[in-house]
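Chain IDs A, B, C and D follow the sequence of writing; residue 1 opens each chain.
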Amino acid sequence: MGEYLAGVDIGSTMTKVVIMNQAMLASVIGPTGPEHRKLANRVMEEALAKANLSFDDITYVVATGYGRINVPFADKQITEISCHARGVGYLLPEVRTVIDIGGQDCKGIKLSNGRAVDFVMNDKCAAGTGRFLEVTAEGLGVKLDDMGRLSLTAKNVAGISNTCTVFAEREVVAKLSDGVPLPDIIAGLHEAIATRIYGMVGRLKIEREVALTGGGAKNIGLVKALEAKLGYSVLVPPEPLLTGAIGAALLGKDIAKQAAENGIPLLRSELRLQEATFFT
Amino acid sequence: MPGEGAGRGLAAADKYYQDYGCRARELKGQGKRIMGYLCALAPLEMLTAAGFMPFRIKGDVNEPITKADVEMETIVCPFVRSCFDMSLKGKYEFLDGIVIPHACDSICRTYDVWKYTLNLPYFHLINMPHASDDPSLNFYKALLNTFRTSLSKFAGKEISDQSLTQAIQLYNQNRAKVRELYELRKASPPLISGAEVTKLLVAAMGIPVEEASELIGSVIEEVKQRGSVLAQKSARIMVVGAQIDNVAFIDLIEDSGAWMVADDLCPGARELFPYVDATDDPIDGIAERYLRKVYCGRTCRERKGSYQEYTEERFGHIGRSIREFSVDGVVLYIYKYCDPFGFDVPATKSYIESMGTPVLYLEDEYSMSTIGRLRTRIQAFLELIGSK
Amino acid sequence: MVYVAGIDIGSAFSKAVVIAKNEIISYHVIPSGGNYKLTAGEVAGEALTKANLSFEDIDYTVATGYGASNVPFSNQVVTDISCQSRGIFYLFPSARTVIDIGGQFTKVFKVDDRGKATAFLLSEKCAAGSGRFLQVIARVLQIDLEDIGELSLRSQSRVDFNTGCAVFAESEAISRVAEGASKEDILAGLHSALAAKIQTMVERIGIEPDYALVGGGAKDIGLVKSIEERLGSGLLVPEEPQIVAALGAALIAEEKAASIEILH
Amino acid sequence: MTEEKKPEKRRTATEAASRIGSMSKALISDALRAKEEGKPVAYTFIFCGYDEIIRAMDIVPAWTESYAGILGVKRDAQRFLERAESENLSRSLCTYALCGLGFDNWREELGEMPPNPPWGGQARPNVMLSSGQMICDPRYKWYQAAQHYMPDVPVYVGGLPWPPYEEDYDYREVEGYYVKYIVEELRGLIEFLERHIGKKMDWDRLSELVDLSDRTWNIISEAYDLRMAVPCPMGTGDAMNTMVPMVFMMGTQEAYNFFKDLYDELKYKIDNKIGVVPDEKYRLMWGGGLPSWFALGDFNYFNSKGAVFPVETTYRLLEPVYKLDLPKVSDPLEHLAWRWVKYWTYRYDKAKKRPGSHPDIEHLIEYIEDYKIDGVVMHEAFSCRSWHPGLIWQLNHLKKVYGDIPSLILESDIVDISSYNEADTRARIDAFIDTLEAVKSRGR
């Protein structure tokens, strides 16, 4: 039957939208700017166009992520913790621990039959988040996407002592000037961030299988560094950026199903999709 | 006469909370002497018996710490730094002195910084032991008598056993009121919100004990009269931690769809539930209470028997509250740089979880700037409890 | 004519100053980039070209700054605190307290009546409250670093900005914008947060006017104003606040050159 | 995290200091051997006041701070810190304790030592001897937390406080009950040990050891006083080594002999004008804070700039016993108690003589004058609230009651290397040397 669910995940750096019914129909990923609301609408429209649907075809919209409150047309806000859990549980049922490395935070989530049972989160300090790599990549004059590949050619990993992202940046630039090979430095950065993440997520008593999601999962160097810490290989979903949005859509589906079963009408947001910006 | 100047009910509590120190300032104007103190372990009965109005120094999460950093390292507990910052900024200009119990390193090790930076006529460190065996208790009694002598010298009046006994009664009545207040939280939904309780208890730290008891009493009446007006929410939360003297964090919990119905905090149950027993020498009862009845991480309880019994001895009161207040989840809220509570986290967490109660451990910095960041954690924790 | 040069390789920008007879002949500023050695050559080369000189014309070169050791052609390396003191003394002999807001560190130091540093303080081991704060924000708000100052002065109601981390200043700014705060108010908030930290450092080292402000941060009129407010005193700001250390290095180089002359 | 490159072998000025490596290694292996031979091992703290008692009962001490420090020196602390973090212990807590707890947690989980532990690892204790004294909170919290991983190991918590410095009463009015309390707590310790180790205290032996440690206090003071000489024969860098027999071997003949040798060596160096640095330009005092164990090389860096450290307030928690005017008592425990209280109150009278002064300030002034100090260097270790709060105030107050003097506060940690950056630290040292020169040249 034509029940369409939408999940909108506004992260600190990337915004993702998926539209699903039985399977995923459309997904859009775009950078998050200062104007969340405007962006949410734009990205949603794009996704709808891709799926040849209009907003009225959508049964339920769940917003998640750091900007979730800025999605006027969402029917419900749910934290990224629950959404990632639901999304990964759906994509990779065997997973017990999720490590999500976002642009400005890092989460560890413990799963038990597709639901979050415990979690840890870092967003106090940029060390251990994607920003750490972004900033240092800038300092090195390297494209973020090349970091992973480059680090794999490291001969001997350079030690990065500073955990403060800003100081790490100056530290790596100094190392570069001292003639330390680029790959060694980048490998050192991955080592440093993997260490921070491992220390934090370790609080959950990590159990296999482990899935890696978020932008960090696209960085092969970081994946390898984490696998080295864990001592075994991790699973990475086909599109690691989308697990939150997929989970959001699925939770929307659960809510719709629940309502139908209890024969109560589905509570929906008054606001429909329209060009809203933070100025208005 | 008691209660003079003190308004009534939640409105008065809110006024004293918002304008913390206004009553002390007023009384100072009327010639009352005000003695500041840091931390729940200052023996208030002694201050009151000496004719002072005890005034609890608090910080301010909304005020960035600036002046304090000129004299004090930033590796000190942020709550203590904020208290010091407020004092330096003249927020408590009405104080005649400050009494500081040897609570933790952050307080004890900065004693000289406080003493030599704030020009106040009186300072005294009560060098409370960390051990709690009998020799420690006797030592503590000796300390209290040294303090008694020193304080009466400054007060210019002898602190008689009789005045101590009266003070003890006043504070025990106050503690009874607080217990009565907490009864209102047992209903579901609670009759009074966590934010309302915290505001009231903070307000009470800044006014004379008789007025505090009356204020709490008037709030109890008001709340009973208004009946069950609070909405039903998804979870009943207990907060365990060192000191919370503002509602920002509690609002965060209660705005996220839960009620805070119990605590092991200062100000809160940990500090305000224990009574002082009537003893021939009032010092005995006071010493026993502050060293052995206030379950603060800074006091090392003697281990008798197995480690499990020891854990029960240390955290049993938390377990009892979880049952009595039918708590669904506990937020373990610890400040950075807090040695007494920081080292307890693994044991506290596993004790509470062993009761089947989920725990959210948060390390925070005593600043509004972090509140936003905690929101997602709180909401996720509540979703997690809800899906159980 | 004896020409000497001062080279300052900072973590964000590199500067070169050429002087003769105690007068600035030319100077140049470029971003430090990823290779200090190349940067050093480039910035010095540019300054020399401006002065129609070549490396051969330079009698003595003093290098300073975070990357000083990477200046192959320097005769001597001198700490940036000594160079800045010397430079400030040349520009403002009355300055006793100098505030340097650099790329990542904020430094406050005392200069005596001979242009020598007698005490100093550096900001803590975390970039909170460093100049980096502003760079990050400029990018988020899609404005030029140069415009930050002017904009902030138009603030109506300042946003209280109190993040722990310079990098997260970015996300905090983003959410403030999302909440509808204006760029002006956000910048004003940042400035006051930074100024508060600086005031603390000045009080720690001991208040002593006149105050001078140098480093990239001194180009930010909004920051200057908000520091002046907090200190309740005006600030001496050089026209080119970024080149003070390089200038001082050059002045020290000139003294060296002179003393060598005497030896010969 | 990838560890920093191992530090270059640090140069020591004295032959005595160069012997320390093997001595501290021996301390670790003693505990391990004791385990094998079924002898009792006790976790305990430096300056716990228990030394003579432990030695007299043939209990082998495992100094948990020492092992954490060694992990720091070897730049191998991070994995244990991470382990502790995974246990929900905040990284802002004492990193000695975090290393120790990380190690305990790991060892207990494996039932054997963690992978390649430096020097064979930290032996599992039979008892843990906490201290509810005033030095720091981790001294009672650390082993309380360790019980979470070793629930079967009994813990003793004894209180050894000292009177705070106050104007409103004289410490002599209270020292009596402080001593009484300490004696009771030490007696409690002995009962606890007799109960759990099943060995009686040999009181005559205890008296001998107390007498030996008195003499060791004296010889240490006399040896260290020799460092007043110009040029200075031994700096703080070396003192961070020679603290080993002082704090881990008190009450042993070996410690006494070590400092006797040090005394002779320093005498020889002075007679032959052998200084730490050939051309001594600046005499600095290490005026507060524990060192960064992974960066002791920084002392050599100071030396390379012509700066020496003739004296430090750190790891010199003793005075010549004959200066403490201790009452004559027969009970060795009472003697220990008096020595403890009189040591901590040693400069109280002095402080009362100088308006607005304080014993800590008097301590600094005394050293500045006795050792002809040009500048004060301190280290603020972020994870330790024992010695590090109050440093800023001490400097401010010193300048107020005594006079201005160049000062530098370094910021890092005792074992957490992620708080350290060599380039930045040395840049600060360079700048400080410049200010010293500027101030000195004014004087001339």
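Annotations
Assume contacts are C-beta pairs under 8 Å (C-beta built on N, C-alpha and C of every residue); 3 or more make two chains touch, one makes a residue touch a chain.
Since this is a predicted model, take the numbers as computed values, not measurements.
Shared contact partners of chain A and chain B, listed by label: C, D. Centroid analysis (C-alpha atoms only) places C farthest from chain B. Summed over C-beta pairs in contact, the chain pair with the top total is B-D. Averaging Cα coordinates per chain places chain B and chain D 35 Å apart.
Measuring from the averaged C-alpha position of chain A to that of chain C gives a distance of 38 Å.
As a whole-number value, the distance joining the C-alpha centres of chain B and chain C reads 47 Å. Of all residues in chain C, those that touch two or more other chains are 66, 124-125, 164, 175, 204. In chain B, the residues that reach two or more other chains under the touch definition are 70, 363, 370. Multi-chain contact residues of chain A (touching two or more other chains): 66, 123-124, 167, 174.
Taken as a graph of touching chains, this assembly is fully connected, with contact between every pair of chains. Residues 124, 162-164, 172, 175, 193, 196-197, 199-200, 203-204 of chain C are the ones that touch chain B when the two sit in their complex.
Residues of chain B touching chain A in their complex: 358, 363, 370, 373, 376-377, 379-380, 383-384, 387. Here chain D touches chain C in the complex through residues 392, 406-407, 411-412, 419, 421, 423-424, 427-428, 430-432, 434-435, 437-439, 441-442, going by the rule given at the top. Of all residues in chain B, only 64, 66-67, 69-70, 74, 365, 367-370, 372 touch chain C in the complex they form.
Of all residues in chain D, only 87-90, 92-94, 97, 130, 132, 134, 136-138, 140-142, 144-145, 147-148, 151-152, 154-155, 157-159, 161, 163-166, 168-169, 173-174, 177-178, 180-181, 184-185, 188, 356, 358, 360, 380-386, 388-393, 396-397 touch chain B in the complex they form.
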